[in-house]
Each structure stands twice: as structure tokens, then as C-alpha cells.
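What follows is a pair of complexes built around chain A, which joins chain B in one and chain C in the other.
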Partner chain A sequence: MFRFGLGKYRTIIISITLFLVFDVGVLAMTFLISRQIASDAVSLNLAGQQRTLVQQLTKTALLLEQDATQGIIDSSGNSSFSELKELIGTADLFNATLEAFHQGGRMVDGRGRVELTPQDDIQAAAQFKLLEEMWVPINVELQKIKSLKSNAKPDLGPLLLVLVADNLNLLTVSNMLTSRMESLSAAKATNLRIVQIAGITLALINFGFILYYFLRQLRTSDHAVERAQKETEDILRTTQEGLFLLDTDFRMGMQTSHALSKILGMSDLAGRDFLALLKPIVTPKTFDTAKEYIELLLRHDVKEKLVASLNPLDCIEVSSPQPNGAIESRFLNIRFNRVFDAGRVTHLLVTATDITRRVRLERELKESERKVQDQMGMMVHILQADPSLLQEFLRNAIKGLDQINEELRTGTATTGMSAKRIDMLFRISHRLKGDANALKLEAVAQSLHAFENLLDGLRANPVLRNEDFLPVTVRVKGLYAEIHAIQDALTRVAQVRGVVTVEPPKPVQDPAIAALPFVQQWRSFAQEIAQRHEKEAELSYQGLDLAKLAQPLRDAINSIVNQFIRNAMAHGVELPGERKQRGKPAAGRISVYVSDAGDGFLELSFRDDGAGIDPEKIRVAAVRTGRLDATAAKLADMRKLISMIFEPGVSTREVVDEDAGRGVGLDAVKDMVTRMGGRVRIGTTVGEYCHFRVQLPLGAAAENANNMTDVNREAA
Partner chain B sequence: MDEQQLRIFVDLVRQYFDRETGRLPEIGSPHLGDATALPIYDFTGVIGISGERQGCVYVTAYREMLRALLLQVGETDVADNNLCDLVGEVANTISGNARIHFGPNFMISVPIVVKGTAQAIQVPRNIKAYIIPLRWHKHEASLVVSLQ
Partner chain C sequence: MTFKLMIVDDSNIIRGKISRTLTQHRMEIVATAANGEDAIKQFSANQPDVVTMDLTMPRMDGLECIRKLRRMKPDLRILVVSALADKATAIQALKEGAQGFLCKPFSEDDLTDAMDELLGETHG
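The block that comes next holds the complex of A and B.
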């Protein structure tokens, strides 16, 4: 721990150390002062003893004096010998005690031997000194008595003299000394209490700090843990992915995301054996591979990125039966990421995602691409085929296949299908094959041919069982699929046409068509007007032979084209010099195309590469002819302006000539087309082109024929 | 679904009858049916199929046939519960064996028994299903295979 520093425990450790230091300090001081108090008690005791000894000496000396005066003999026969002995003993003890007070040493008091330390208190030392000085004359007399022979009679007079003289002083000094000793001891006891109180107080303060700090830390940590837990819970509750930890025993962790149960379709997942859970929902092979993969990930010597691509649970299909007998299939993606602790892999973080939608979209996309590819091949033939014939073929094909299926359905269980019925199937198929060939639907024709081969094989079989018709049924289903695919392709084409205005398919330029009389007439007409206006023109035509159309329709188209030619050469196509400046060929190009749109309408496309429709010119013309006032003309948008060219009396030509200027031509075209139930659309880009598209119903009313001559006449 | 796979289902049904009753059913003329016009008789055992192809396979039979089949195998209790169990057993046998034949690319469910003309049987729409009529002791049943 110390290697990494005290970290967040620094304060608490310092506080506890201080607490211990205070406690040990108090203990040590108590021990020290207690010893001193004990020592002081000895000193006090001995000081008291000295006081007693002084009294005892005086008493003994007075007794000896009395004995000597009265001639009393002691029990041993010697006069006052025991008192004398006592006197000397008392004096020795006094001396020894004084010495001990001075220099320290072992002494005997009433409780036995005690150790006396030298007195270092100045006041006490002074009192000792005073005591010693008083004691000196007494001690001198005592030493004289002590030095006498045992049988000699001591002269106690001088001793008594000094004893009596100093007795009171000695007692007083001894009392003072005792008092001093007491006061010293009391002071030390007070110190001891102060030290103890201070030490305990500091220790308590420290303890309080530790408690406060620790609780605060604990509360902060608890808050942090609670917040982290809440966040984790929120994540696990909210995430759309199934999350859990997997330990090295393949056991799932106790915390799992809420989505996991839904994704795996199981509940109570916490703590379960993941492999046992996985086993019933994947194939045995996938299970074995998954187990090996997880084991690999749990090894420390294998690089995670290297084995990531081996994950067999990248996309697994999980099926669950529904009450109605269907199987609900879902696709799961289960990923594993290592969790490290101290450089070791301890767990795997497992993420399970429901990728059903993605997989289905991918499959749909693939299927769609496949269909598109199939349809593209088919499209080539479909687009070349006559739409009405194709529709008729498809209707007949479905009808024929329904007939075949009906024949199969009504075959009996016992006798099987008769040869006569097989012949009928053959005839239906053969007829359809012929139609398919006529429309160049080669794939369908080949399938029908294979179907015929199959029927041929059955016809050759003398004994037919119903189950022999299993391949026939399979083929019929395939044919249905092919016909439906063509219908889908046609629907797609129709949708595309509905969304985007596309050019109708143009057949290859046919010289024979170019030489048709009406084309020749248009060319000649275009040239004639071009010359009149000193312009050049080239007209090309593609599409239907108008001679094959009904008279009213043919006349209508002829009339409309003539008007468009006149309009193009008068307004659109520029003079050769101007065209060159704009990078165009000198001759204005006019493309005319008439086709059957396949939806009951004939479509006429007329395009010139002239100057297009200039909105400013129409604004001027509209104001000039009084159609719009200047403000309205300025505000009018392109759509509004272009629509005005179909209005009567509006012409951008200021000068009227035989080809333009009256503003009648396009108005008449529009009127005629409308009366025939058709419509006109215009596309234009200024400086580039002008393109008219006219749709006319194939069954246009004959009475409109009369109007066409009017158009020509009026336009002219 | 190609002819071979279709034949597996037919053979499984036939084998069941052969094993249980010693008499093969007659196989009727196989044909196609739209999802809205498939035969559903009194009792139907359905197995769902997913994986490479999605859809279902079911065996549907009239009460009389199942009753006769039960009596044939020595079971005298011909109550509806037993008839349900029986059609479930047929479907279960097909399901179990189909797993062996089709391998892991076809996921085949545990059978579900539906009583009555169940509208709830979910078959893929816009797909024509194969209908193979069966006849056993003059009783009729059908095997229907409807897979995308």
C-alpha cells in the first residue's frame, strides 16, 4: 500500500496515528509522574521520620539524663545502657536519612527498604541544608558519646544542651521539610491530572475528527456508489441491447439488461449457465464452435481481434413456435468483448442484439436484386413486345395454368389421371408455348417446353400413379411464378412511367417509314416555311405508320404536326448564323414521333432544337394583347406564361405573316386535343429546345375530323 | 421446394400409416391451392418451418378417419382429446423425420394441433401451396405443403 502512497486513506491514517500518540503519551506521562509521586511519598515519609527522630532523640537524651540523676539501673545491670543504645541508633538513622536526602540511596523506613532519590527541589534543599546545620552540633555531641567505651558513663550534658536548644528549631525545619515534600507531591499529582485530562481531551477531539471525517467519507462514498448503481440500472433498463457478463465458468452475471429477456426469449437469466441456455437454440455444430470460440477468448494468449471474425454467433436464427402453427424466426447477433482486471481476462462482456429487421431487409434486398436481374433479362423482351398482346398472353397463361391445375385437382385417388387428360394438359401448354414464342418470351417458352417433355414422359408410362404427377405440380407452380414475375415487371414499368415521364421506346429508324407520304409532306412543309424565313430545317420521323390509324386520328395528328412545324419554324428555330453562334448546326432539327402508349392512348412527340419559349416575349405579348396588365405580367410565373401560348390571340410575333402572328395556331391545337379527350404538355429550355407531347385516345371521335381543316385554315 | 423435398413429406406420411396400420394410404392427385382456399378438416397437425424457407406443412383429417385409425391401432377411447393427440402424433412423426432429411438449414417446429376449421393456421400469402390428398380406408385427409 505504501508503495502506491496513502491515497484516500492518508487523513484517516494520520488521525488514527495521532490518536495512538496521544494515548501512549498520556500513558507514558502517567507512568513517569506516578513514579515521581511514589518517590515523593518516600521522601515525605522519611521527612516525617526525621521529625520523629528529632523528638525521639530529645526524649531519649532526657531519659538518660534523668536516669543518671536518679541512678536507675537497667535490666542488664548497666546504667541506662538501652536508652543510650537507642540514642545512638536514632542518631545513626537520622544521619543516614540526611545523607540519603543529599545523595540518594537505599533506606529503611517503617515499610521496609526504600529507594530515595536525591532531592533536587531548591527550597527543599535549602531546608535540608538548614536541618544539617542545626544537626551538626548535635551530631558532634552524639559522636562523642558514641565513641565512649561501653562501660564508660556518658556525659549527656552538652548533648542535652544543644538538643534542648535546637529541638524546637529542628522540629520546625523538619515540619517545613515535610510540608514542602507534601506540596511537591501534590503539585506532581496535579500535573498528572492535567496531563491526563489534556491527553484524553486531545484523544477525544481526535476521535471525534476521525468519526466525523470517516462518516463523511462513508456518506460520500455511499452517494457515489448509489449514483453509480442508479446509472448502471438506468443503462441496463434502457438499452435496447442484451448485456451481461460471462465468467470463466460460462455462467452469466447477476446483472443483465432488461432487453436481454426479450431478445433471447427467456426469463430469469441471472446466474444461468450460458452454454446450457445456448444449446437448444442453435445447431450442434454452431454450439460446439461457439464453445470453442468463448474458450479462446478467455485465454490470455489469444488476440481478441484475431479471433473476432470466427464468432459463430454473429448471426444466428432463433425460432419460436406460435399458437397458430407458424414459426416466428428472429435473428440475433451475440458479440463478446474481454473484460480485464490486472491484465487478466476475468469476464466476457456479452452483447446480444436482435438484428431480425436488418437481416430481413438484407434478404429482401438480395431477393429484390435477384428479381431485378431476372426482370432485366425479361424486360428486353417485354419492352419489345406489343403491350396489349403481352397482357393478353399473361391473362391466357394464368387461365391455362388454372385449367391445368384444375385437371390435376380433379384427378381421382384411385385411377390416377387418364391419358386423355394428359393430352389436354399438353394442348394447353403447347398453345401457351406458341404464344410465348410469338412474343419472344424465350424463358417462358423453354419452361413450357420442359413441361411438355415431362408430360410426354408420363404419356409413355403405361401405369400412372398420382404421385407421378408430383413433378408436374412442381412445374406448374414454377410456371405460375414465371408468369407472375412478368406481371411484376410490367407493373414496375407502369410505375416507373407513372412517376417519371420517360420517352416512349423508339424503334430503330426505318428508311421505309422515312419515305412514307405523310413524312415527306411534313419535310416539304418544313422546308417551305424555312425558306420563307431564311432558315434551314431537317425533320425526322419515327414511329407508327399513320396510314394504319383511323382516319380522324390520322388527320388530327397530321394537322397538329403541321401546326407545330409552322410554330417551330416561325418562332423557335433560329437563323443559321445565330444557331452557329450558339454552337448548333445551321439547320434546325425537328423530331416527330408517334407511338401507341399501350394504355389506350396515342402519343405524339414533337421536338425542335430552337430557341425554346422565351417567357419575356410572352409577357410582352400578353400585355400587348391586353391579356395581362404590366404588373400581372411581371409577376406571372413560367407555368402561367407558357400556358398562355395556347390562349387565343396571344402571339409573340409582332408582325403578322402567313405563318404566325395571329395567335391562333396553338390555341386551335389545344382546343382540338381537348375536344378529342386528349391533352398537351410542353417542355422547354430557353436557347435549347421546345418539346410538345400530345396524347390522344385511340378511339377519338370521328366528328373531330371536321375541326382539323378549320385549324389548318385558321392557322394559315 | 423441389420435387424431391415434396416427395420426402409424402413418403413420411405414407410410412406413418404403413407402420401404424400396415396399410398404405392412397395418394391423390397432387395439385396447387391458393392460401385462401386450402383444405382444413376437423383436426389439423401443423408444423412450422423456418430457416432457408418459411412456411408450414400440415396434415388435416376428418374425425372419422382419425377414429378409424385409433381403433385400428387398438385404442378404444376415440374422444376428441385422443383424436387431437393422434393428429399431433402424425405431425410429430413427420416433423422428427423431416429434421433428419432436411438438415440444419430447415428449422422445423414442434407440432401444434388445431381443432376445427381453424382460420388461425398461418400459411404464407401469395404463395400457391401443394395439396396432396390422402385416402385411407375410404377416409380422406390432406397433406398441405406451403413454403416460400
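The block that comes next holds the complex of A and C.
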């Protein structure tokens, strides 16, 4: 059914209707008034005719009278018959006109039959009535003459008497009536002009309104359209996604987002066949599936949400050439959403996104997860492996990698590397891979296998350039990292379990760091105290160069390490004979490690492989020095007892010498660390090791370090 | 309104999971079938409104079964429940007349959401 809603066109339609109403009104009024004017013109004409008739009657009567006087008329009156006939005709016409004026009707004037309407003007009616009254006596006489037989001689005397008497009056009244009719007609003509002017003016005003309103609407609409276009353009220019519409013939729309060309690596995309564009960048199978999928969305009754997971273009890899000639591989996500019009799918909105970064991150995450799993597996194997074999493998691995590194450094500088040298690298790698497999270090074995593949590729290449060795160098660095990671893992395992034997007996040291003055000083200090107590000591250091730290922090670490060395050599490290009995090397091993923990703290790790801290000795010492009574000491747990070594006056040594016995050194260390905002932790296993871990804030105040100046001299 | 459902899947575990989940979701399980042939027989006897359909099954596969069921009841609602190993086959199933696809493995929420979507009762 047809429904007519004015909607936004309501005002314009009303305005146009008014315009037409005004025009039709003016036309109708013009027609009506002009008809009246035409009627008035007839009346005016007849009124003038009545005046003429009066004169004509008088003239005819006078002629008849003259004929009679001159004897022109015979006894039958035949000689004057025509004049008499004219007299009666004139009278009949006058009567008929009067009747027409009085009641309206048809009437014959000089131009033929005309229509007369009854005269409703009061003044004209009064004048007409006067005319009628003046006509009555004349008409009576005329009717007498008219009623005579044709051969009878008319007596014109009475007629002439009234005609002469009223002739002038009749003329005057007729003139007045004519004038009145003229003025009435003129008034109507004026009215007609007013109506026309008013009507046309209203129509023009209305037209002006229509024009104004229409133009304003047009302008508003234009603005809205321009703004919408601008917004669309802004969106298409700014969005990072490739957007376009796809019609049912798989043709791309004329508007596409600016990012689309960059994402697809193609230009001039508007209006192109999407399938033709897709075909060269995906596999034939993906292309066929994509075509089916798009057809499915366009032409079949399926639920869009329920088929999204079937989109074969949700992650496609495309390759495109770069300005530098290289081929760049990227990952794209192209998804489709239906666009409906009146319940029918008219287009698909296609959104293309470059998801390369996301895909790579996901892959890195997976790789990272794999590595974590590998490391977990490696930790298990480390725990199960023979420690000495493991250490030997690590030493050999570092040595082998050093060899490979040296070859790469010297061989590729100028002359490149010969096939013979590559073979040598291959052999080193292969040997290490065999060892790694034997120890079930699968991750390392796989890395070495990948390294061999790289070398294999180089061997097949007759002409080798320096840059061909770049991946080899990168892979060697990766292998170094893996070996160091195992060493770290070993250290952590040792810390957790307190198993000293799995720790590297001689940690690999950077010769440059070993030669640093502060390391030399610690080593010398350890040797000096060792000699004093008839012991042996080996100190190794890894980590930061203290010279690069702020003076207060450097001084603090130096003082703390010196105190720990003193403590280790005086208390922890056993005499060489005792150590041998326990299966340890004769020389006590001290490992020092300083690192930036990355959280604003510096971490100092100090570990010796001596006898550790015996809580029973501390229990005795605490009672001896009065720190605890016998009951409290009996109840104290191991944690409490070990923490007491940081309390003043507690020493397990009964004899005081220059290195121990006063119970001052560790108390001073703890005091200083606390005041600097740091903390000290201790781990120990009786008979195996003692490990201090000190954390100091990197911005520690200088003044606190100065409090340690005398610590060494007053060491417990 | 309760819909009559037929579950077609060669896995007893999957049939059980769909059955348990959708029984609590305004569905009356009127039939289950482990292959296409059985599904055709069960369909004639039970006249379900909705079918969940696996694609890879013995004797008669899901594609053939969908084709036949659509001929028997053109307004039948079919949800393909299958692994995503072969997207082309799944798309073919949708072209044959299924209206939705749910990828295995799926959660209970995945299944009820998919069923609501299939029956035109989406939430949020």
C-alpha cells in the first residue's frame, strides 16, 4: 500500500501549496470581478441606450405631430406608418430594458443578445425607480397608441404633452443612472486591481520564502554531506587498517583507506578485482578456499559470527620487494563483515591488517616457552648428571667456542676462510654436540646441530664473502650464552642444594677483570690471612668493575668483602689436611660476584667452600658471651642462631687473634648495610659452604661507608 | 521454546558433552547418531529442528549427510561441529546448507553461544 509521508519535505510542500492557492485565488477573483465588470459594461451601455431612446421617442413624436399638422398623414395614417412603427418599437425597447434592469435576464442591444443582472446598488436602484416612475405616464400614452387599430388615426397630443414635459427630466435621470453605473464599474475595476496586487504580492512573498527555505535546506544538506565526506576521508586517511568494500562481483569499491596500499604492497586498488589481486600472493589452496569463503558470506544463509573461524585469510604470509631490493615477508589478517541493505547482503566490508609484529611476538613467545621447557629439562639433566663430567663439558665448550671465535676473527678479516678451516670448526662443533648429547643437554646439542648446518651451507659455497660468516658469528654468541646459562643454572642449583661440588672448581675468569687492582688486593689479602692461619686460599671474582661505581659504594663493598675474607679464612675455610679428608681441594675457594640487580640495588655475592656455620657452636658462644641464657639458647632454632653471628660480641672463636675472636666484624657489616638501606642474607650448610648475599641501594649515602674504616683493624 | 536436537558425531565423548550442555539450554535431545547413515534414519523417525553435525565420520560423511537432510527438510538448522583441519571442507558443508560452524575443541559457553546465534537469539 502506498504510504505518503511528508517527512523532511513537509515545509516545502506546504509552501508550494500555499503558492498555488494564492495563484488560483487571484485567478478566480479576477475571473469573477472581470465578469461583473463585463456585466456592468452592458448595464452602462443600456443605461446610455435608455437616454438615447428617450430622445428618440421625443423626436419621433414631434415628427408625427409635424406630419399631422402639415397634412402629410391621410385619414388612414398610412403616410406616417413607419414613424409610428418606430415610435412603438422604441417604446417596446425602453420597456424591455427597464424590465431587464428590474429583474435581470436576456436582452438585445445594438451588438446582439446580452445578459443583464438585476441592479443591487441602492443609489442606482433609486435612480432607476425614479426613471420608472417618470416613464409610467409616457408608457400609458404609448400603449394607447399601440393598441389602436392599424387604420385608426393616433392622437399624439397627450403623448407629446407628457414627453415634452418629462423629456429633460428623463434625460437627466438617465444621465445620472449612467454616471452611477460608470462609477460602480470603476470601483469594481479598482477592487480587481487590489485583489490582483495583493494576491500576486502574497504569492511572491511565498515564493521568496520557498526560495529562502529551499536554499537554506540545500545549504544545510550540502554542509552535512561535505562534513560526512570529510569525516569519511579523515577516517580512511588516518586508520591504520586497510578498509574497502567488496561487491558481489568481488570488485573492490572506489574508496579505500590510505593504509591499504601499504598493507597489501600494491597501489591503484580502487575498482580492482579482489580475487585477481589475491591470487598471486597466496597459495592456490588458500585462494580457492578464500573464494569459497567470500561466496559463502555473499550468497549463502550462514551466520557470520559462526563462520569467522573458517576465514582462510586470517593469517597469510606475503612477500613484497623493498626499495633496497630485499624481499620482505609480512603477515596479514584479512577479515570480512557483511553489509546489509533492506535485509540483503550488498557488500562485504573488508579489513586488512598487518599482523607481522603480533605473529612474530607470538612466535618469539612460543620459542621462549620452548626454551623455558628446554631449560627445565636441562635443569633436570644437570641434577642427574655427573658433576665432574658436566664441568668438564662446560670447560671444553668454552675452550672450543674460544677457538671458533678466534678462527672467525682472524680468518675473515682479509682473506676469508678456507674450506679446511671451516672443516676444523665443524669438527669442534661436532665433538661438542656429541658431548652435549651424552649429557642429555638436548637444547645445546640442537644449537650445535644448527651451527653445523650453517657451516655445511658455507662449505657448499665456493665463493665466500665476509658477510657470509655473520650468521656464524651470531650463532657462536648464542652458544656462549647457552653455556653461561648452564653455568648460572649450576650455581643456582648449588645455592639451593648447598652442593658445592657442582660449582665450577675454577670459574672462568675474564683475565682483564682478574687483573683489576681491587681483585688483586682481595686476593693478596686472602693469601696473607691464609698464611697466617696456615691455610690456602684461591679467590675468584666475576661481575662489575668497582672502579665504575660511586666512591662511597665502592668503599663499602671493599670493606665488606675484606671483612668476609677475614671471616672466611679465620672461621670457615678448613686446614688443608682437613679439607682433603672431606674430599675438597687443599685451597679454600672464595667466589665473589658483584652485579647490578636491575631494581636499583647492587648485589654482592660472597661464597666460600669452607666448613660453613655450625649452629651448635653459636649456641655455646651465645651462652658464653651472655647473649642468651641456657634455656633460651636451648630453645633457639637454627635460623635464630645463625642470624646471631651479626650480633655484637658473638664469636665462635674462644681465642682472640688479629683476625677473629672479638665478635665485631660481622656486626659492623650488618650495621653499615642497614644504615645504607640494604640488607644481608646468609646461607650455609655445615661442612660444605657459607654464602653471604648483600644488597645495597645504588644511591647509598657516602657517610655510611666511612663508618667501616676501622672495621678491618678491629675485626672479630 | 524448546527445540528438538539431533547430535551426529562419531565420538561418544563429544556426543555426551553436547548432550549434557544443550539439555540445560532449552534443547530436547531427540536422537544421536555416530555416522551419516544412522543420522538419516534417526532424522526420519524423530524430525528434529536442529542438528549438530561432525564432518569426518564412517560410512556416510557429514557433507553427504547435510545434503540429504536439507533435501528432507529445507528449513532445518544445522551447526557443523568439527576440527579446523580442513577449512575447505567446512566451507563446503556450509555451502551445502549448514548455517554455522563450531571448531573442536570447544567449551560449553562456545557451544551455547553458537546455538543461540544459530537460532537467532544472540546475547549482548
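Everything that follows uses one rule, which is that the second predicted complex is superposed on the first by the 360 of 716 C-alpha atoms of A that agree within 3 Å, B and C clash if a C-alpha of one lies under 4 Å from a C-alpha of the other, contacts with A are read in each partner's own complex, and residues count from 1 in each chain.
The criterion applied here is as follows: contacts are C-beta pairs under 8 Å (C-beta built on N, C-alpha and C of every residue); 3 or more make two chains touch, one makes a residue touch a chain.
Fair warning: this is a prediction, and the values are worked out from it, not measured in the lab.
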| item | value |
| --- | --- |
| Touching partner for A:Tyr480 - first (chain B), second (chain C), both, neither | first |
| Which superposed partner A:Gly577 touches (first chain B, second chain C, both, neither) | neither |
| Touching partner for A:Lys305 - first (chain B), second (chain C), both, neither | second |
| Which superposed partner A:Lys285 touches (first chain B, second chain C, both, neither) | both |
| First (chain B), second (chain C), both or neither touched by A:Pro511 | neither |
| Chain B versus chain C as contact partner of A:Asn405, first or second or both or neither | first |
| Broader residue contact with chain A after superposition on the shared chain, chain B or chain C | B |
| Which superposed partner A:Gly343 touches (first chain B, second chain C, both, neither) | neither |
| First (chain B), second (chain C), both or neither touched by A:Ser319 | first |
| Set of chain A residues, in rising order, touched by both chain B and chain C | 285 |
| Residue ranges of chain C in contact with chain A within the complex | 79, 84, 87-88, 90-92, 94-95, 98-103, 114, 117-118, 122 |
| Of chain B, residues touching chain A in the complex | 1-3, 6-7, 10, 26-32, 46-51, 54, 56, 58, 104, 107, 109-110, 112, 114, 118, 120-122, 128, 130-133, 135 |
| Chain B-facing residues of chain A, complex | 283, 285, 317, 319, 321-329, 405-406, 408-414, 416-417, 465-467, 469-474, 476-477, 480 |
| Sites on chain A touched by chain C in the complex | 285, 288-289, 292-293, 295-296, 300-303, 305-307, 309-310, 312 |
